[in-house]
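Two complexes come next, and they have one chain in common, subunit A, joined by subunit B in the first and subunit C in the second.
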Partner chain A sequence: MTHRFLSHASLTALVAELVAAKTRVIAPVRAQDDPEQVDYRPIQKLEDVALGVRLTRGSLKEFFLPPTEVLLYYKQTKEGVDIREVPTEAPPQVILGSTPCDAAALEVVDKVMGWDYRDELWFGRRAASTIVSLLCTAMDSTCFCTATGLSPDSFRGSDALLVPVEDGYLAHVITPKGEALLQKYAEADECMKASAEVAQGEARQKVEKNLAAIPPEFSAWLAANFDNPIWKTIALRCHGCGACAGVCPTCHCFDIVDEHDTADEGVRRRNWDSCQTSKFTLHASGHNPRQSQSERFRQRIQHKFSIYPSRFAEILCTGCGRCTRACPGGMDLPKLLDELMTLAKSEATGSEPKGSSL
Partner chain B sequence: MNIYQPHLMRIREITDETVDTRTLKLEFQDSKVAEEFQFSAGQFGEYSVFGEGESTFCIASPPTRTGYIECSFKASGKVTLALRRLAVGDTLGFRGPYGNHFPIEEMKGHSAVFIAGGIGLAPVRCAILNVLDLRDQFKDVTIIYGARTVGDLVYKRELEEWAKRSDLKLCLAVDPGGETPDWKGLVARIPTAVEQAVSTAEDTFAVICGPPIMIKFTLPVLTKLGFPGERIYTTLENRMKCGLGKCGRCNIGPTYVCKDGPVFTAAQIRELPQEF
Partner chain C sequence: MKELQDLARKLLDEGTVKVVIGYEEGARGVRPAFITDAKQAGKLIFDKRCVQNLAAYLNPRRKQVAQLGTPAVVVKGCDARAVAGLIREKQIERDKVVIIAVRCGGVLENSETDSELTSETVSVRCGGCDVREPKLHDYLLGELPPAPPVNNRRVEQIAALEKLSTAERWNFWTEQLSRCIRCHACREACPMCFCVQCTAEKTQPQWIDPSATPRANRAWQTMRVLHQAGRCVDCLECERACPEHIPLGLLARYVADSVERRFDYKACEDPAVAAPMGAYKTDDDEEFIR
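== the complex of A and B ==
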């Protein structure tokens, strides 16, 4: 791994070069509908970017698994049906200034997308993307990346990680893709590296206090506690709106539907979906395996912290905190996890848990 | 070709099973796909009507009969209603085969009891025909099939054929009140029919599919007869979209019906969380 230094001017020039070369550059910018908020959006120049000011509303997911995308085009003809495939190769894109939790989420989701059957639409976009993350300093009380094994300076999923230093950024160049993008810049000196290490350490400490690390045995406890009465009360605040799934960087569930454009032509689409809605599992017969919101919320927690680990040896969560920030009912995931982990621990040690606030 | 891309199939034949249940006989339009297509009894596919969407059904014909596949469905939603509007010669989409299958190979040299209720006969029929096409490789074959009424029995032409065969025992039943004046079968529910028709579990595999309530009350009968949970096979259906383990909706706890199933043993089902 190399360390390079990019001055503000270098970064400005880099964005200009990429944009001139028709590479899509995506970075956090002030939201058009609410300047208080920040979204990842394609940019034209560095001045448009709001780097490190606040966590974005949405994750990077939409640039790899779009909220809606065409799977095929069909046309009814006299002879039958013509199908036009969609390309699985994607145009090049560079993500600039993503939070490390969002970059890591892509690698987490890679596992389900490549499980047995390979989703070429996902991997086409993954292959075409270079991800330059930025040390996260905009964390708030809902963040818990350190509890999931990540940190505000995680390398996972990033091709390079920028850390603000005097007059610019130190770049940890992590992968060959990152090297290809940043090799022309000068090596960072020891002083810059030391300064970056201080900033990284401070950032880690800020998140660590929000939630203790999720222990590996938590997954087995959840599986063994599928019928624990706690699920009946834990989701009382949940409206089942699915906002949490929309903003989640690792929620990847989808629906497949057909849409007519004319009587004879149309498309098959894949759309984001959420296990929090009652129709998600509704059978044609009217039977529904998950009838209540408590069952649906249990599915969300079990999937992220027990089912996914049992399949892929890691949790389906990067601790970004968005579900808590987006929830209209005030469901607070780090707080709920803390309650569940305390319950699990008290059972293991035989002690009574303190009064539940759920 | 991405994994969500269907093959095109043409409808060769349409058979109405009941007033609302229909069987389509389908052949691949592309001869290369037709030649290379292979599946095992119990696997499923995603069938689509372009402009309406995809729907999940098992393949109801056996792998021993090549050149076509069949699916049977009850018109109950958007896609199945659209499937009913299609005519012979029309095109539809098919992705598959997906999932695991019945243990036909392991069953060879042993006896088999097939138990089905209503449209649940579709996946069981695939296994039955598979076994009957290789009849000399199996010992005794018993089929117990029931529906709410005589009118709800599916695959009637095959039921008639099976009734005439001397190398299998067929036991048909309808629920009390569902019989017609000329009904010659049992007037009983499936658990009772199983008690009457099956005398031993020795050297025998059981395959069962039907409404959850039927399975719930038949499993204790099979257990009482001496069937271990590992030799009772059933097939589960859950709402699915991709069939490939990605869309995230068919799981029962850690078990994905689309990839770990749809065929499960009663022993495996006992271990699942009660959420199906």
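== the complex of A and C ==
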């Protein structure tokens, strides 16, 4: 791995070069509807970017799995049905200044996208993207990346990681894609590396206090406690609105629908879906195996922290905290995980759990 | 506060209710609380951060709450209008819910902050509040606080919208609704959306395409807001839930204002007063029928 130095001027020039070459550059910018908030959006120049100001409302998911996208166009003819599939190659894009948790989320989701069926649209966009993350310093009390095995300076999923140093950024160049983008810049010196290491250490400390690491045995405890009465009361305040799934960088469920434009032709699309709504599991017979929000919320926790790890050996959560920030009902995932882990631990050691405040 | 906690304790102890739905301190501001054990009644609080409309939890679609048994619910005057709406529309029975109303001097826009109530920080829905002392209640608690400062943002937004031409207003809403991802969080969080099957999900016929395209988004939000006309209580739960931050409250308020002008009706606290959607009057203005 190499370390390079980018001055503010060189980063400005890099963005200008990419935009001139028609590469889509996506970075955090101030939200149009609320300048206090930040969203990932395509940018034209570095001045538009709000680097490291605060965590973005949405994740990077929409640039790899859009909320709605066409899979194919169909047209009924006398001879049969003409089908035109959409191309799976994507135009090049560079993500600049993403939080390391959002970059890592893409790698976590890669596993299911390449599992029993290889999702060419997802991997087409993944192959066309270069991700330059930025050391996260804007964490708040909802963040718990360190509990999920990540950190504010994680390399996972990023092609390069920028760390602010005097007059610019030190770039940890992680992958060949990152090297291709940043090779023209000078190597960083030892002084810059030392200063970056201090910043990274401070960032890690800030988030570590929010939640203890999720232990590997937690997954098995959840599986064994599928029928634990705690699920009946854990999600009382949950409206089942699914806002959590919309902002989650790792929730990836989708629904496929055919929509007619005329009687003979139309499109097949896939749209984001969420296990938090009742329709998600509604059978054609009218039966719904997940009758109430208690069961739907249990599914959310079980899928992220037990089912996904049993299949792919890692949890489906990066600790970004967005579900907690977005929830209109005040559901609080790090607090809830803390309570569940405490319960699991007290069962393992035979000690009395302290009074629950769920 | 003590008055509220003592009442909750009494109701739970004597078995009048099985759960008290109120507010408690969360890790990040105030959040809804579900007190089923009288010993936990001390957690209940009420202050200017209590923005949530807890009537949403009486909506029969919240099965996880319904299964706890008879509820008592803490409401502000504005929230009491939603309780009245649910009674009016036969979703709950008046004698199967204990209404604990609190006198309210306005709430903050953001429940996670604890700033002074000013014309900047107060919720837009508190402007012109005429229900600081709720009428629909079994118990009425607290002293009557002074009227909240007025946040004119909503009134200004509506005035600005009314100045636009129809085409400009169409473009404004098309632009705002283009962000909709059709997650339907607005509907799920709404106290007044209780349909077992929503038109958005009917497939035979498919009234509204399920995909988040500009055409379908507009159709969905238009359908929803028209169905809410005269029923919406302006609690802004939809706007708080929207992960795309679309000003859904503005859309609903715009329609509510039209209903008030046309039918001289505002969502109110009296379940016996019929809402325009469910009533017919021979003197209704019919100038739009041509």
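In this text, the second predicted complex is superposed on the first by the 358 of 358 C-alpha atoms of A that agree within 3 Å, B and C clash if a C-alpha of one lies under 4 Å from a C-alpha of the other, contacts with A are read in each partner's own complex, and residues count from 1 in each chain.
In this text, a contact is a pair of C-beta atoms (placed from the backbone, for glycine too) under 8 Å apart; a residue touches a chain by one contact, two chains touch by 3 or more.
This is a predicted model, so every value here is computed, not measured.
S.K.: Give one word, clash or fit, describing how subunit B and subunit C relate on subunit A after superposing.
M.R.: Here subunit B and subunit C can both sit on subunit A without a clash.
S.K.: In the superposed arrangement, does A:Lys232 touch subunit B (first), subunit C (second), both or neither?
M.R.: Touch partner of A:Lys232: subunit C, not subunit B.
S.K.: Which partner does A:Ala223 reach: the first (subunit B), the second (subunit C), both, or neither?
M.R.: First partner only.
S.K.: Kindly classify A:Ala284 by the partners it touches after superposition: subunit B alone (first), subunit C alone (second), both, or neither?
M.R.: A:Ala284 sits against subunit B, while subunit C stays out of touch.
S.K.: Touch check for A:Ser294: first (subunit B), second (subunit C), both, or neither?
M.R.: Only subunit C is touched by A:Ser294; subunit B is not.
S.K.: So, does A:Gly240 touch the first partner subunit B, the second partner subunit C, both, or neither?
M.R.: Touch partner of A:Gly240: subunit C, not subunit B.
S.K.: Between subunit B (first) and subunit C (second), which, if any, makes contact with A:Val53: first, second, both or neither?
M.R.: Neither: A:Val53 stays clear of subunit B and subunit C.
S.K.: Let me test your reading of the model: by the given contact rule, A:Tyr117 touches which partner, first (subunit B), second (subunit C), both or neither?
M.R.: In the superposition, A:Tyr117 contacts subunit B only.
S.K.: Just subunit B (first), just subunit C (second), both, or neither: which does A:Asp255 touch?
M.R.: In the superposed model, A:Asp255 contacts both subunit B and subunit C.
S.K.: For the superposed arrangement, tell me the lowest C-alpha distance between subunit B and subunit C in Å.
M.R.: So the smallest C-alpha to C-alpha spacing between these two chains is 5 Å.
S.K.: Would you please give the residues of subunit A that touch subunit B in one complex and also touch subunit C in the other complex?
M.R.: Common to the two interfaces on subunit A: residues 255, 257, 259.
S.K.: Tell me, which parts of subunit B touch subunit A in their complex?
M.R.: Residues 1-6, 8, 10, 29, 48-54, 74, 76-77, 80, 90-91, 93, 212, 237-239, 241-242, 244-249, 251-254, 259, 273-276 of subunit B touch subunit A in their complex.
S.K.: So in the complex, the part of subunit A that touches subunit B is made up of which residues?
M.R.: 71-72, 74, 76, 80-81, 83, 85-86, 88, 112-113, 115-121, 223, 226-227, 252-260, 266, 268, 270, 273, 275, 280-285, 287, 289-290, 295, 299, 302-303, 306-307, 310-311
S.K.: Give the list of subunit C residues in touch with subunit A in this complex.
M.R.: Interface residues on the subunit C side: 26-34, 36, 52, 56-57, 61-65, 67-68, 181-189, 201, 206, 209-213, 237, 240-245, 247.
S.K.: Residues of subunit A touching subunit C in their complex?
M.R.: For this pair, the touching residues of subunit A are 31, 33-34, 37, 57-58, 67-68, 141-142, 232-233, 235-243, 245-247, 255, 257, 259, 269, 271-272, 274, 276-279, 291-294, 324, 326, 328-330, 332, 334-335.
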